[in-house]
Structures are given as C-alpha cells and as structure tokens.
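Both of the next two complexes hold subunit A, though its partner changes from subunit B to subunit C.
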Partner chain A sequence: MTGEAAAGRLWRRWAAPSQPSGLYLLCWFLGTVLLAFLVIPLVALALTQSGASLAGVARMADVRDAITLSLECAFLSAAVAALAGVPLAYGLARTAFPGKGVIAALVDLPLAVPHTVAGIALLMVFGRQGFFGEPLQTVGLKFWGTVAGVVIAMLFVSAPYTVNAARIGFEAVDPRLEKIARTLGLGPWRTFFRVTLPLARRSIMTGVTLTYARSISEFGAVIILVYYPMTAPVKIYELFLRFGLEQSAAAAVLLLIVSLSLFIALRTLAQRGGPIRENR
Partner chain B sequence: MKAAVAVEALTLALGGFQLKKIDFAVSRGEILVILGPNGSGKSVTLETIAGFHRPASGRVLIGGRDLTALPPERRNIGFVVQNFGLFPHLTVAQNVAIARRRHQTAAPRDAALPAFGDDAALLAYFGIAHLASRAPADLSPGEKQRVALARALAGAPDLFLFDEPFSALDAQTHDQLRDELKEFLRALAIPAIFVTHDRSDAYALADTVAVLRDGTIVQAGAAVEIFEKPASAFVARFVGVENVLSGHIIETSQNGLSIEVGRQVLHAAMPAKTLPAGSAVFVAIRAEDAAVCSPHLGGQPTPKANRLEGCVTGFRSEGALITLSIDCGFRLKAYLLGPQVRALNLEIGSMIAVEIAPDKIHPMAE
Partner chain C sequence: MKPAWQMSYAALALMGAAMTCLPAPAATPATLSIFAAGTLAVPFRAINALFEKQHPDVTVQAQFGGSVMMAKRITDLHQDADLLAVADYSVIPKYMFGNPPHASWYAGFARNAITFVYTDKSKYAGEINAQNWYKVLARPGVEIGRSNPDTDPSGYQTVQLLNLAEKYYNAPGLEQKVLANAPLANMRDTETALISALQLGQIDYLAIYRSDALQHHLKFLDLPARINLSDPAESAAYKQGIAHTKNGDLAGKPIVYAISMVDGSKNADWAEKYVALLLGPQGQGVMKDNGFGEFSPAYAVHVAAMPAALRKLVKPWPAS
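Our next item is the complex of A and B:
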C-alpha cells in the first residue's frame, strides 16, 4: 500500500459522510469543545513541571511509596473485581429471573453514591464494631489503616465497571455458539473457557482496565476508611495541605504520568489482536 | 427397518410455549424436514432433541439408546444453525479441532468417507484443506457450510440437526448450498432432521416431512404424500397448494363425491377417509392439476374430468411460470408457461376452459 493511499483512507475515515451536513459539523464542533475541556487542564498541569522538579519529587520516598501502594492496591481491587464480577456478569447475561433489573441497578449503585458517603458506609460495616469488621478481626483481617482497607474502598467504587462491561461482552456472545460447542462434546465448563470467555475477552479486559484506573484515582472512600497507609491521591492531598500548590502539583504530575502510561499500556493490551470479526 | 432415531411422545412446556406429544422417526440416511411457520416450535423441538430442554415426558432414542436424560455433550449429535455458527475467534482448523473425539476409533462404514478422528482428512474430504488457517469471517457461505459439516462430523455424530441454516442467504446461494448439503448427507448416510419455514427446502431435501403448528405435528409422512394429499387446509396452504377452497358435499356414491364449490359442482374421487354427504369440507387442488384446455395446447379432453369454463381475472408471473386467476364459479389458480399464454392470446377477460381430474381434487374435513 502506498503512503498516499493510506493517507487518503485516513482522510476518508475522518471525513466520513460524503456531504458534510450541518449535523456532522455540529457534532464535531461540540465534540472538540468537550475534548478540549478534558485534555487542556491535564496538559496545563503537566506543563507547569520541569524535569528537575519531577525528578525531585520522584526521589521522595514517601511519594514513591504512595504511588507504589496505589498501583498495588488498584491491581488487587481489579483482580477481585474480575474474579467475583465476571461470574456475576455471566449470570446476569445468561439467566432471566424476576428481579434481575433490581440486581443490575444494585451493581450500578456505587456509581451514584458520593464517594465520601461510600467511605462512611464502609467504615460502619468494616470498622471495629462493624458487621464484617468485628468477626473478621478475630481471624486477623483488619480494614482500618491497612492495605485490605484501601482495596475494599477502591473495590466498592470501581467494581461496577467490570461487571457492566463483562455483562455487555457476554450478552454479545451468540448463545447458539455455546450450544454448538455443547453438541461438539464440550461440557459447560469447557464451553465457557473455550468459547464464551474468549469471545467476551475484550469487553472484560476493558472493564477490568477501567476498574483499575478508577481504583488508582479513588480518593474520597479511601481517605475516610484508611488515612494511613497513604495512597497517591491521599499523599497529594496531604502535600497540598502542608506545602501548598507547588509541591503537590509536582507529585500530581508524577502520578498522572505513571497512571496514564499504565492505563494506555493496559488498554493496548486489552485490545490486542484487534476485534474478533463478526461471522455473519 | 428399525428407526435410527426416534422421538416418542415428547412433551415440553417452555414459558408460554408447549410441545404436545411430538412423535417421529428417522431412518439411517433419511432426511426428515420439520416444516412449520415461525413460532410453531421447530427450533424448540430440535433443541430438545439436542438436549437443551428437559421434556416433561417422552423420550429421544438414537439407535435404541435412550438419550433423554443425557446432557448435550454426551448425545453425539451434530448441530448446524443459521449462518452455520462457526466460532469467530478460531481458525477453520481450530473450529474442527475443538470437537471432542468421543470415538477415537470410530470409522465410517463407507471407505470413501474420511475418518472422523482425522482433521486433515475431514478438511480434505470437504475440499477446504486450503482454508485451514482462515478466519470464519473471511469465508463464503458455501465454505462456511463445509466447515460446519466437517466440524459436526469430527464429533462422529449419530444424527445431524439443521436449524434453518440457509434462512439468511440470498435465493441463489440458498439453492446452491441446499443441493450441496443434500449430496453430502446422501454420501454420509447419517440421519438428519432439518427444520425450516420454507416449503422449498422441504421439496428439495425431504424424504419425510412433519408439519408443525403450535407445538403439535398436524401431519407427518412421506414427502410426496404431504405435498399431494395434505390432510388439512393449514397443511395445504403451507405446502403451497394454490387452491384451498371451501365447499360442501352434496352427494356420495361408489364413484366418488360431488362437492359444491362456489357456483360449481366438482366430482372428486373417493377419499381414504369417508366424508358424509352434507358435511362442509375444504378442497385442495394444486394449480398444476388444473389443466387449461385449448386446441393450441394439444392433448385430448379427459372423459371423466371436471370441465370448467371461466374468465381470466389476473396473471402473476414468476419468470417462465405464469399463475392464472380464473373465475369459474369460484376463484381457481392454474399454471401456464409464458409462451403458452402468448400463444393463446390470453388477457384479462379472456374465456378459457380448465379440466381437473377427479383424483386431483382432495376433499378434507373442515
């Protein structure tokens, strides 16, 4: 393929409709405004920092620890969301029962709850005298001031992304393909792992990536349930209170760079191999 | 001959839908077509045979073995669905290889057929070895059908089920793939059940036909019998009998029946089932059995035939075949070929005569 042809194709993709209508122009105009609103603050923030100031903040052990803790806890949160959320998504996608809509709404509930409220609610249940907190304490699992608490707070606010994305992915898998697999001698488990799961993989990975990203960015629920150990957003807040905008901005940009590059890497990984082309 | 596959008194309730005492048998190498409108329970019947629904009562037997309690993966049934249902995330070779070998040693009866356990031989048999590493999305419908058959065959099935595999195809491809499927099924000699709402599939494929309506088999038998002697107005219309007329019997005699239809009296041969004089009936007459008479078309008048005269009220053209609507005391449809219509100079309002032999008039109880 010549470069010219490729450029031509790219142009056609952008200029999709053959006749630019008013609707098309309006969509692009409004879309551009929104994109600018989303990107410009982050770019402006990044531009305030020199390489030297970033290097300086990266040498601070407490900042490094906070970022590492955020990444680790978000990973655990995403892993738990995947382990428990994917089966729930499959159940919601493949079974019909009265009250299914209620369960689907419950899954979305955390998205509608202010995160400080989520933190307080979690504290009530996972705190010293809480419904889960008290009995689990006897087996040595504490949620205040621990990594477990951070993971719980992150999980609460971010699990819906995995469940919803995986559910959409499973719903898009033609049930007849599963039936054919069964007639070919594959039991229900093999059918799930060889047919259903691979076909829903991209949606699930997208959901898990969103859960991961949302977990890293969580502040409200985490700070209420566990102040220490500090995750990166909590650390940045503390720096802001103690040293002001300048110190906190450097740490903020460092976190931004780390989390964005991870997010992009994960997204790329999730979409690897391109979409499975529909066999219609 | 002992039936290879038997479905006995299968009854099932699924949501608001019911299958009522479904019974049929398929012999080795035979194709049964289950014909019925959408929502009649065709797919549910197939899925119950495949093991996806548990019947309330009744049995599914293959080679005398009762499968009713077995899960789908242990039934040895090949299942082909609309668009053939290839796994889009797997290559052609992987699609075939995913089948679990239940009978490693299973060899086809016929030496001309490939060993079911040998993927390469299967692909070669269906002429798709060169497609082994292709993705299903890149295949033509014909290639997909061959992959689907190879994949189903890899599981060494005792029975093939086809759930309207052609219903999304254009007419030409549809006909082509159907002919090809029939050849493969004849060669493989594995019994097959094919469900469709398209009567042309039944004409082209069926050895036996079962007509399904609202979860009940309303007529079953040899394909010829269903097409020629439909037992009810529903079946007659569904298998494409152009003339399904209501009338009533005015006289019965040893020679047959006299049936008043519209302003005419038709003489029909004695049906297998006796119908009393005075009873209301439906009369099925295939359009090809209503012979337009004219010196131009040759042929001798048949002495005992019903001879009707009427006027042409309409034409419907399907390529070479023209369906005439004739008002001869009732509305009758008859076929002519395009050149015949031109030779007879027929137009709307032309008067013509039509002959119908008494044994081509099929009365059935209303």
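Our next item is the complex of A and C:
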C-alpha cells in the first residue's frame, strides 16, 4: 500500500474524469467570489460575538422560546409544503393541459409579492372576518397571534421552493423507467412510491430544506399576523429596539448556529443513499 | 504639445476656479438625509418637497421608522443622517446626548394627542363617544390594538392615557379592563402596522396618534386634554399617568415632536435651513394641515448650542 496510490485516488476524485481542468479552475474562481460574498458578512457578524455573549443570550428564556418556536413553525410549514407541494409538482411534471404555464407561474407568484403585502392578503382571508378565518374561528382555529398564523405566513412565502425543486426532480426522471416498472407488473401507486419518488428524492429534499430555511427567516409576512408569540426574527428585532445591536446580534448568531447545524444534517440526509447513486 | 497629464491638471485648475466663482450651494449638489418618526412621514414629505423647490440643488432623502429605532441607527449602526426627528422629545437626550454625543440640542416643533380610531364595522361603533369610551372599550369581545410599550412611545403613552383616565373619571380598574381587551396578539412594534388589521375588521379600536387618525381618514375620539397628552400646559397632570414597562416605570409627558441636527453632519448648512423651514410659518402650516398641534414659537433645549440663525425661532423649553 503506497501513499502515492492513495494520493492518486484522491486526485482522480478531485479532478473528476475527462473534463478540462481549466473549466474547473474558472468555476471555482468565480464560485469563490460568490461564496466569499455570501459567507464573509455572516462570519463578520459571528466574530462580533464572544462565547460569553452567546451563552448570555442562550440563557435568556425568551430567546430560547423564540428560536424553538421558529424551528417548530418552520418544520410544520415545510411538512405542509411537502405533503401538498410534492403532489402538485408531480402533477405539473407528468400531465399536460392547457393553461399549465399559468399554474406554474402562479406557484412562483408568492416569491414576487412583497412580504408585508403577503401578510395583509393572508389577514384579509384568514382574519376574524375573513373568508376562511370566520368559519375556522367557530371550530377554534385562529390565525391572529397564534402558531397557526406563523405557519401560514411562512408557508405562503416559502412553499414555491418545494414545488419548483420537486417538479424539476420529477421531470428529470425518465418516464420510460416508470413504463418499464409498469410492464414488470407494478401498479401506478407502487411505481410512484418505489421508482419515481426515490429517484426524485434529492430534489425534493433540497426543495423542502429551502422551504424550511426560508420559513425560519421570514419576518415581514409573519409580523402582520403574529407579533406575540415572537418568532426568532421578531425577537431579534425587538432586542435591537430595546437593547441595541449587541444583544440582537448575539441572538442572531445563536439562530445562525442552530440553523447551520440543522442544514448540514438535512443536506447530509438528502445526499445519502437511495437507489440514486447506483443508477447514475 | 503638452503632455496629457499637464492638460488634465490645467483642466482641474480651471474647474476649481470656476467652482469658487459660482455661488456655493449651486456647486455642491447635496443629499440631505433625515431619519424621522413614522408618524411624520406625510407632513415631512410635503415639507421635503417645499425644501427641494426652494433649494433645487438639494435632494432630501427621508427615512421613517420607530423613533428609538431611528436614533439607534445613528448611535449603534453609525448610519449617516443629517437630522433626526422623533415622536417623543426625551428620545434625543436619552440616546443622542450619550457618550460619545451625537447631538447637542433639540427643538420641539409639533404636538400630538393619543386617541382611539375605529371604523363603521367596529363593535359598538354607533354608541361610542368621547364620554363613554372607556366603558365601551372595556366591554367583553371588543378587540383593541396598540403598539409595544417596551419599544414604542405610543405604546407607553396609551398606557399612560388609560392610567390618567382611571383617575380623571374616578373609575378604578379602568386601565386593567381596557388592556384586557388589548392582549399581546393585538400588539405590534408600531401602531400604524395595525391600521390594515383595523380596516379588515380583525380589531375594533386602535390606539394611535390624532395626526394618523386624520391622515388616514379614520373616525376618532376627541379625548379630554387633561388625559390625551396633547397640552404642554398640563405637564404636571400628565406626570400622574404611569406606564410599567420592561424599561422601568414611565411617567406621562406631553407628546412633543423634536428635531435635532446630528453632530458631524456633512450637510450642516442645509440641515440648518431645513430646521428653519420646519420651525417657520410654512413648516408649521404643513404640520397643522396634517393634524398636529401648533407650536410657535418652538421650544428648544440647549438654545446656546443651536446655530445662531435658529435661536431666534425658538424660546427656551419651560421647566416642568
């Protein structure tokens, strides 16, 4: 066993086969510019904090509650997006009908709506006198100042990420694979769950992760419907108003650390296993 | 043929000479940056337009938000602003006179009052008036919106008003009963964020400034001057109204808007002219048209620190 062989293996992994290395160099050069742009401001924010100041905000019950509430609500938002968004994505990927382009554009629309406006539109429909809000109130479901309100505000602005990513994933699955599965005797349901869904799994996971992340960060739409109980972004804003930059930055860094660990875990989960690797 | 760099130096020198010949303002197109309380958005846009008309070389850029937020953007975030105008004059000494100081004086230029706005759809809209309001607002099922007393002046001013009303009407428990109809769900960091909720019927009444009520064409209650914090002459009475907040107990004060020039401003000359316009008859006229109380001459704190041209527009703040 030689170190050279190991190094060679490593090199082959890096400079993956048969591509011009100049292309990689250019990609990495341009990519690093963007990466630096994205990461340096957050690192600068994190560097303003000492371990002690982070521990200080972590000890504040209201900060912990706000971060927990954000993570819980974002989880619910991502779950609803997955439950209803993945079927919608499959429908858009596999069926053709007049006006499909309009539906696809409608899915994107929440991304273009200013978030305050999104919040007001939701209040219009889910408020005390709204189309959904009024009947739902009679069964005890309220969206004003409640967890349900946080979830709908998050879902509205973040669901498009799940639908779009899942749709691209489904479109990349060769329909012939589904046909082969059918000729081998699988029914349409089992074909979907045993062949199509596993093949599109990575795209779906990416979309759901994006929805989750976007939900955690949402402020503008949430604050129209719900100020108390406070989600993490609202809490950070309130800390800034009451105490200034230092405490709010500490809480923000704490939220970043929690989110980063979660995203790394989710990405690892999305990359792992399934039949994808063997099939490609 | 002279080398190119010599030519360019000559051109620069000529430009410099030309600039010194022109009247100074015309040669220095400037951007005047104003941070102001959200309630001032409408009148300040009108005054900005007036100012830009009188001084075509100046662009006025105003940003509006919570008063404390705007002060902290100067003191904590080190954002450049030439002027700061706040909804509660005490914000300026509290945040801007700190160490290092960011301002050295302030002038009160407008008054306001706390009131409650409502719409035709509001519960008991047909019955409520300036006499029975505190009984109506305490009825079960009424939803009242208000801003956060921990972060926003109108939030604690609303609590002070209720505290004063309890004594004024000799109605023990008034404050508690009304606040019970204004739970945390009905709170925001600034009350104007709740106007849409009022218009959509999510809340029935909203504690807000009289100026906002007029500008948004909402029905409002004309509450007694003894409790609505509008009259500097009632300062002594207002002190009896206490709001308990996370920042301690706050005693009532008349609602006086104050402006200050920010130390180290690059546009101090323009900022001074803007303050003169605001304190003068034209500026005061705009404030009055937008539902604010008159204030002439304006009151100022640390008059000696003001630019000479502004001193004659103010009188010293009366001791309270």
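In the analysis below, the second predicted complex is superposed on the first by the 241 of 280 C-alpha atoms of A that agree within 3 Å, B and C clash if a C-alpha of one lies under 4 Å from a C-alpha of the other, contacts with A are read in each partner's own complex, and residues count from 1 in each chain.
Going forward, a contact is a pair of C-beta atoms (placed from the backbone, for glycine too) under 8 Å apart; a residue touches a chain by one contact, two chains touch by 3 or more.
Computed from a predicted structure; not experimentally measured.
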Overlay on subunit A: subunit C relative to subunit B, clash or fit: fit
First, second, both or neither for A:254, with subunit B first and subunit C second: neither
Contacts of A:128 with subunit B and subunit C, given as first, second, both or neither: second
Subunit B versus subunit C as contact partner of A:198, first or second or both or neither: first
Touching partner for A:179 - first (subunit B), second (subunit C), both, neither: first
First, second, both or neither for A:244, with subunit B first and subunit C second: second
Contacts of A:223 with subunit B and subunit C, given as first, second, both or neither: second
Overlay on shared chain A, then closest C-alpha pair between subunit B and subunit C (Å): 49
Interface residues of subunit A shared between complexes with subunit B and subunit C: none
Parts of subunit B lying in touch with subunit A, wherever the complex brings them together: 47, 50-52, 71-75, 77-79, 81-83, 85-89, 98-102, 135-137, 144, 151-152, 154-155, 157, 161, 168
Subunit C contact footprint on subunit A (complex, rising order): 120, 123-124, 127-130, 144-146, 223-224, 226-229, 237-238, 240-242, 244-245
Subunit A-touching residues of subunit C, taken from the complex the two chains share: 66, 68-69, 72, 75-77, 121, 143, 148, 150-152, 183-189, 193, 196-197, 200-202, 246-247
Of subunit A, residues touching subunit B in the complex: 174, 176-177, 179-187, 194-195, 198-199, 276-280
